[in-house]
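Worksheet: one structure, shown below.
First chain written, first letter: the chains are A, B, C and D, and each begins at residue 1.
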Amino acid sequence: MNGWLVAAAVLLAGGLGAAVWGVATGPLGRRVVTQNMTTSLVCVAVLLLAQGYRRPAYVDIGLELSLLGPIGTLVYARLLADDLRPDPPRAPRLTAVAAAGTAAVVIALAVASGPGRAAVKLLLVGALLITGNVVASRALAGGIPEEARHE
Amino acid sequence: MSRRLRMLLLALGGAGFAALFAAACLELPHFGAARHPYGERAVHAALARHTANVVSAVNFDQRAFDTLGEESILFAAVLGTVVLLRQTRGERQVRPEPVAVARPVRRYSLVMVPVALLTGLYVVAHGQLSPGGGFQGGVVVATALHLLYIGVDYQALERIRPVGGYEVGDAAGEAAYLVLGAAGLLGGSAFLANTLLPYGTFNTIPSGGTVPLLNAAIGMEVACAVVVLLARFLDQAVEIVDGSGE
Amino acid sequence: MSVLPYLAAGWMFLAGCYGLATSRHLVHAVGCLAVCQSSTYVLLLAVGYRTGGTAPVFSDVRPGSRPLVDPVVQALTLTDVVVGATVTALLLALVVQVAKRHGTVDPDELSELRG
Amino acid sequence: MNDALVVICLLLVAASATAAVAVRDPERQALVLAVLGLSLAVLFTVFQAPDVALSQLAVGSVLTPLLVLLSVRKVRRGAGPKTRRGTGPDRGGRDRTRPDAGPQPPGGRGGRDGATG
């Protein structure tokens, strides 16, 4: 029983539950934004779990997710650009909340793990995740124009 | 087969499966039980050969032959895709127009390509120590390259992706795995037996005998295979159009 | 609790099968097959789990200091994930080929074409 | 505590798997599959299988969506420009004239169209 695991459980039950609902219903724009936010959410949850299980090795999962998650969202931004263009999904507030939440959790984890390689790695994951999330939001909000087609 | 008949069959099959599966579940060892005879033996065997990541030890040492089969499946699937998605008669190739991706997205992609490549190589290189391995790292490496298509431009991807080279790399990775296996045979023991190299110091990169080498071979094969696979799909979706005119 | 993971895996498998049988688009059917495949990951890992155990990876823990979950099923699942991905890729290539040949990806229309 | 985590993750995985089947448009299904992949990755972490979680992430977050979306794009283009948008996914190739197909029995299809979750 420890606080990190409780935090992860609450985050997953609330956040990921809402994410499943958000990605399965509603207009396309909302679904894509939800997918983007899910990356941050799951990454933070995995970092919390790594701390809760006292296994720094699990941080590698967060590292990979912080890289691949935003790339995945860019895939949607790129290949669904035509469908998203009429109503580009903008979610500045949600993005800001996600970035702030990520930063808070990562700093708390880095403090808890003490100075050293582990803390640097955690901060790196956090920085990658926040940057990726912000850039992916920007890409969804019309950052990638429609591709010219040869018809 | 009519829709109704199909649904009836599905309902019958589903009900049968559900009943049998539920019955089987009740007889399975309970979730979270403490007895794992195979797992304990695998851990002992891995520690005896100084491999810190037992899952890698199982994959590349104790079950190395099965992994050969798995990689052959990957190899065959890529081959099948290449055959299925070739350019056929009546189709022509067009150059996709360049797209103007927003500046921050473009910059992010360009910066992330080396970062992701490095991470992929890190995951491959530490496969015998920490979670990860040839497959996971290989996919990350291949994904990193495709960031150029996603975030920059198709032409940018094409410049760093001579598909022929990656096809050779795919085959070379598979061949390296076979050669390492055969080396065990020549060294006087069995195919893919991990008896050739010293086992090294526990929890350092050159530990575990042939595990790191097999890991690297798989990493190379997977990275090249994914690049070739995606190249075929990208060709179809971006470049090749129906020649009869749309 | 002692059988919940197994039942969840069974549910996922059945849901995937239902989707496969009622699918009206072959790409959607491939997605449903991926769902079926993921049920096998859940089942395998659930069999190998051990309450209070940790991953059999000793880069950051001392061997013997904590109980371990079963590494053999994890290796099996790893193979399963790889094979699942290749199956998805190969089937999607087949779908593209079907679309080129027949101009449709609706399974019902495809069977009409044949008969 | 870990039991609660296992239950939460299992329910999330089962729910997203059901949603992935119920969402019938392949592009939207790709989004749900991505979320399914992420919930599977968390479940594997909770099951103490970081290696499997890593490979699930590697496959599920970029590779599968990219393959699915590229296939959908190719299939749609192959089926003609009219189906590009609007009528939903279920009518993939309807605009193709097929003189040999004969008249459709009325009411044999439909009803299920657009059954998104």
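Simple rule for what comes next: contacts are C-beta pairs under 8 Å (C-beta built on N, C-alpha and C of every residue); 3 or more make two chains touch, one makes a residue touch a chain.
The UniProt protein names, listed by chain, are A = Multisubunit sodium/proton antiporter MrpF subunit; B = Sodium:proton antiporter; C = Dehydrogenase; D = MrpA C-terminal/MbhD domain-containing protein.
The structure presented is a predicted model; accordingly, all values stated were derived computationally and were not measured.
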(request) For the pairs A-D and B-C, output the one whose chains share more C-beta pairs in contact. (result) B-C
(message) Centroid from C-alpha atoms only, then distance subunit B to subunit D, rounded to Å. What do you get?
(response) 22
(message) As a quick test, compute the distance in whole Å between the mean CA positions of subunit B and subunit C.
(response) 15
(message) On a C-alpha centroid basis, what's the spacing between subunit A and subunit B, in Å?
(response) 24
(message) Two-or-more-chain contact residues of subunit B, please, as numbers and ranges.
(response) 3, 53, 55, 123, 130-133, 135-136, 140, 143, 150, 229, 233, 236, 241, 246
(message) Give the residues of subunit C touching no fewer than two other chains, as numbers and ranges.
(response) 1, 4-5, 18, 22, 46, 48-49, 51, 54-55, 57, 59-60, 69, 74, 78, 81-82, 89, 92, 96, 100, 108
(message) Two-or-more-chain contact residues of subunit D, please, as numbers and ranges.
(response) 2, 22, 30, 48-51, 53-55, 57-59, 62-63, 66-67, 70-71, 73-74, 78, 80-81
(request) Sort the chain contact graph into one of these: line, ring, star, complete or other. (result) complete
(message) Under the definition above, what is the set of subunit B residues touching subunit D in their complex?
(response) 3, 53, 55-56, 123, 131-133, 135-136, 139-140, 142-143, 146, 150, 226, 229-230, 233-234, 236-237, 241-242, 246
(message) For a test of understanding, state which residues of subunit D touch subunit A in their complex under the given definition.
(response) 1-2, 4-5, 8-9, 12, 15-16, 19, 22-23, 27-28, 30-32, 34-35, 38-39, 41-42, 45-46, 48, 50, 53-54, 57-58, 61-62, 65-66, 69-70, 73, 81, 85, 116-117
(request) Write out the stretch or stretches of subunit A touching subunit D in their complex. (result) 1-2, 5-6, 8-9, 12-13, 16-17, 19-20, 23-25, 28, 31-32, 34-35, 38-39, 42, 45-46, 49-50, 53, 55, 57-58, 60-61, 64-65, 68-69, 71-72, 75-76, 79-80, 82-83, 151
(request) Show which residues of subunit C lie in contact with subunit D when the two form their complex. (result) 1, 4-5, 8, 11-12, 15-16, 18-19, 22-25, 27-28, 30-32, 34-35, 38-39, 41-42, 45-46, 48-49, 51-55, 57, 69, 74, 77-78, 81-82, 84-85, 88-89, 92, 95-96, 99-100, 102-106, 108-109, 112-113
(request) Write out the stretch or stretches of subunit D touching subunit C in their complex. (result) 2-3, 6-7, 10-11, 13-14, 17-18, 20-22, 24-26, 29-30, 33, 36, 40, 43-44, 47-52, 55-56, 59, 63-64, 67-68, 71-72, 74-75, 78-80, 89-94, 96, 98, 101, 109, 112-113
